[in-house]
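Next up: some structures, all given as structure tokens.
You will see chain A twice below: alongside chain B first, and alongside chain C after that.
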Partner chain A sequence: MIRALLFKEWKKTKWFAIGAFIAGVILLTYLFLKLGRSFRMVGLEHLWDVIVNRDQFLFRDLKFFPPAVGFCLALAQFVPEMVQKRIKLSLHLPLSNRKIVFTMLGFGMTLLMIIFAMHLLILLTFSGIYFPVEITASMIYTLLPWYIAGLAAYAMMSWICLEPSWKRRIFNTLIMFASLQLFYLTDFPGAYSFVVVSVVIIPFYVLPFGYFSVQRFKVGIQD
Partner chain B sequence: MKNRYSINYLIVILGTLLLAWLLPKSYHLVTDTASKNIFTYYSSVDKAFCTIDFDDKEERLIRKNMNTNRVYSESEFDSILPMFYSRQLMADGRMPKSIHGKLINPREVNSKKFFFKVNPTDKNKPHIGLYTLFESMSGRVRIEMPGDVFRLNSKIEFINPETNRVNEEKSQCFNKIFEKRGFRFPAKMAAGNPSTRKAYDEGYFIIDNDDQIFHLKMVNAMPFLRKVSLPAGVVPEYIATMEPDDRSFYAFVFDTNKRLYIITTEAYKLQEIPTSAFDINKDQLLIMANPLFWNVNVISSKGKTVLALNADTKQVVDEVTFKQDITESAYSKFILPFAVGFTNANTKYIKPMVYFGSYWVLLTNLLLTLVFVFITRYRKQKIQLFSVVWIAITGIYGFIANIIFNR
Partner chain C sequence: MQQAIVECKNLTHYYGKRCIYENLNFEIPKGRILGLLGKNGTGKTTTINILNGYLQPRSGECLMFGESSANLSPETKQKVGLLIEGHVQYSFMNISEIEKFYSAFYPKWRKDAYYELMKLLKIDPKQKISRMSCGQRSQVALGLILAQDPELLILDDFSMGLDPGYRMLFVDYLSEYAKAENKTVFVTSHIIQDMERLIDDCLIMDYGRIVMQKPVSELLESFKRYRFTCEKPELLDNSNHIYNSVSIKGKTELYSLLSKNELEKLLSGNVKVTNSIQEESLSLEEAFIGLTGKY
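Take a look at the complex of A and B:
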């Protein structure tokens, strides 16, 4: 039954997932080409100097890409469920509601993590060729909060989509924007080094909220 | 249903913490004003501190001698602070030939005049452990990029940026001298000035794992490493290098006892620089030096203290303190029980911090708890122990979160 449920989720999000992956690859290719031009124009020594001594981060353009993907995946996955209250059908499957909701949310999170992991792998391979491990490590510490923001954006947007009451949706949206700000407190490279592990907790803390909204839906709360 | 409640509690907790972060932040956005920073400089002519301060009543800058309270015009003030305004005086042809019998050489003024500033964020910030070591004796006027950078892990390694590969030969050559001089890896910090826009290069001052300071330079493509002997009890915490025009010292050393030293160019002797109570992790240090006096400013949350030091002996000549009015804001006293923050002016790192208000707020918390109980009754809801306890602890934040999310 869970396999069938996962298949249904894949059917819903397949084209979005492929599109998001390709969009990420195009964005990365653009950034690599831009950097390649800088390598040719000013040389790698100058670029290393700018990164190390002037605290510049070369992949700043990636900043809002992960949350954008997170938002869109949640919309692709849960808007069809909430239109005409189709989620009722899923909830009538011979499985506990908790299992159904968490399978759907778990599917989305895993899909997102796969897309992000592939993007990061491409980025780190590029970085490993042109930059030493110290610069790559700083890059990871700078990028991770943004990619975790993508997971949090997905979890929060799912919560908003699954919420049956519009009034509550507004408050949920406020919580979402306030929480997402936590990932963008500064642009300084590596500023999250001490807290990056704690930051990972946020999307998983928020993930069950969607189940809470489904419970509210089940008991008939609506505007 | 039990699960439902526990998830709702998670939502309330998140909402509360976000409010504890955003409400005080919004309050500060609306109410914060700049703290007054009065320019203070020791006059070698008047032998007293002089200040420039903005007068709110007269709506203009007031330049005066702090001892006599005599107010000067702008051009008079130039003459009272000839060391600070030396360029203006030289341009006007008004630079004195001597001050209190001491001959003034304009070249000496230029070479011994410097500004040195250290903020807590200079120390408390993420940095990438790669360092550019210039050739110190290239024979060229302009400093040129060396074509590699070094790292200090279990040994020193030079890496070529164009190939991203280690230069084994150079690394080995430098490593030999590090071993010979008794350097203990890994280094705790390396301080240098990796800029080509300076008159000369003095390389790096490195604190090794045994808290010893070493001076590293590259001279004629060969390593130069020298241990700096430290007086007993001096454990370096932070070093900031400087290449002053008169080449009288190499660097400032901040030790764990919150004392400040300079490493002089006279056989690397450490000379203490008197300061008022100073914590590198919280306070700002600004030294405005001239051939006669060093003005050592320590700016902290309590205010600013300026010491005038004799430039030769570094003995304190005069001292002045400006206290900052710390007005306890009413908000924290009666409404906001605590504040959560993630950024701080003293560090570039993101760190969660909690600032507590006063005990007075417990009264408000109690009142809000009662209001919540009343509202819950009015809504004909069951009173939850969690909500009551949570509001009693978190006050206004927990109250708002519960009102919205606990229906």
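Take a look at the complex of A and C:
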């Protein structure tokens, strides 16, 4: 049954997932080409100076890509459920509501983590070739909060989509943008090194909120 | 009396301050087809939503197979086939994908029943549901319910958006299946003529109340329309066994559960009937209008 449920989620999100992966690869390719051009134009010494002495981060253009992917994945997955109240069909499946909702949310979270892991792998492979381990490690600490923001954006957008009341949706949206600010307090490379573990908790902490929205739908709350 | 598959006890629901109904009680015995008839906005879908656990009533409770409908176990959900208003299904799947998807959830899945109905549609198994007409989608939804082989079928406004051909196909298939397999069905529709061919019992709702709850045969046997002329039509009392009396230029028309003799006796004293009372048998649709009025 769970496999069938996962198939349904895949059917909704397949083209988006492929598109998001390709868009990420295109964005990374653009960044690599831009960096390669800088290597040739200003020389490696200057780049070294920019990274080490001036604490500049070369992949800043990636900043809002993960939350954008998170938002869109949640929309792709949950808008079809809420249009015509199709979620009634899902909740009528012979499984507990908790299992149904958490399987759907778990699928989205896992899919997002796979897409992000592939992007990060490409990025870190590139970085490993051209930069020393210390710079690559610092890059991970700078990128991680943004990618975790992508997971949090997914969890909170799911919460918004599954919410049956428009008034509450607006309130949830404000909470979402306020919470996502936590991931963008500074661009300084490696600034989140000491708190990254606590930041990881946020998306997993907000993920069950979607289940609470479904419970509100179940008792018939509407505007 | 057969065991009740569905029991609704003292259901009361309001949307804000608007009362949908108070103390609604009904049962659906095993093997019966109950039609919930009512005009738009009388609470048909509200009742279906409460029954499926998608709405918490202000008070009262609904039991399905003895379990509270607000919290159905997976085993009970497996025994209930649900058709949502507008024949909503997973429109991002095609007809073979959706069959495979649902088959994983129901152990008694009858693939043949689904494909037998799909053959009538003459469409490619790879066609997406989103690209089908409303009639075709209704057949997909019905086919899935038949394949699920549930003990109880709950169908919310199955005739919505269907042309007469698809409506008849739907009714014929459903009626044959339910009777042959002794299924219990709870169905709502605002097209009453379809219901007459399908249902055993009817529950007629008007704004805020149940007007009548009877087997259809009994209702049509006893509920009649009477026409006559009288001198004082204003003295007719709609609450006293008389439904929806209308008088135009001395010609009066009313509906009643009373026999002709009983009605003559009732009217003899005050309204002064001036000719013989004409009695007319009714179709379910006419009986529905007689009970709920034209407006």
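One rule holds in what follows: the second predicted complex is superposed on the first by the 223 of 223 C-alpha atoms of A that agree within 3 Å, B and C clash if a C-alpha of one lies under 4 Å from a C-alpha of the other, contacts with A are read in each partner's own complex, and residues count from 1 in each chain.
Convention: a contact is a pair of C-beta atoms (placed from the backbone, for glycine too) under 8 Å apart; a residue touches a chain by one contact, two chains touch by 3 or more.
These numbers come from a predicted model, not from an experiment.
The wider contact with chain A, measured as residues touched, comes from B rather than the other of chain B and chain C. When the shared chain is aligned, chain C comes close enough to touch A:K8, but chain B does not.
In the superposition on chain A, A:S179 contacts chain B only, with no contact to chain C. When the shared chain is aligned, no partner comes close enough to touch A:L33: not chain B, not chain C.
In the overlay built on the shared chain, the residue A:F194 is in contact with chain B alone; chain C does not reach it. Of the two partner chains placed by the overlay, only chain B lies in contact with A:I51; chain C stays clear of it. By the document's definition of touching, neither partner reaches A:M41: not chain B, not chain C. Within chain A, not a single residue is touched by chain B in the first complex and by chain C in the second.
Listing the residues of chain C that touch chain A in their complex gives 49, 52-56, 70, 74-75, 77-78, 80, 82, 84, 86, 88-93, 97, 100-102, 104-106. Partner chain C is touched in their complex by these residues of chain A: 1, 3-4, 7-8, 11-12, 80, 84-86, 88-89, 91-96, 217-220. Those residues of chain B lying in contact with chain A across their complex are 3-4, 7-8, 10-11, 14-15, 18, 21-22, 125-130, 132, 145, 147, 149, 151, 159, 161-162, 164, 194-195, 342-343, 348-352, 404-405. Chain A contributes residues 43-49, 51-53, 55, 98, 129-132, 134-135, 138, 141, 171, 175, 178-179, 182, 185-186, 188-195, 198, 205-206, 208-209, 211-212, 215 to its touches with chain B in the complex.
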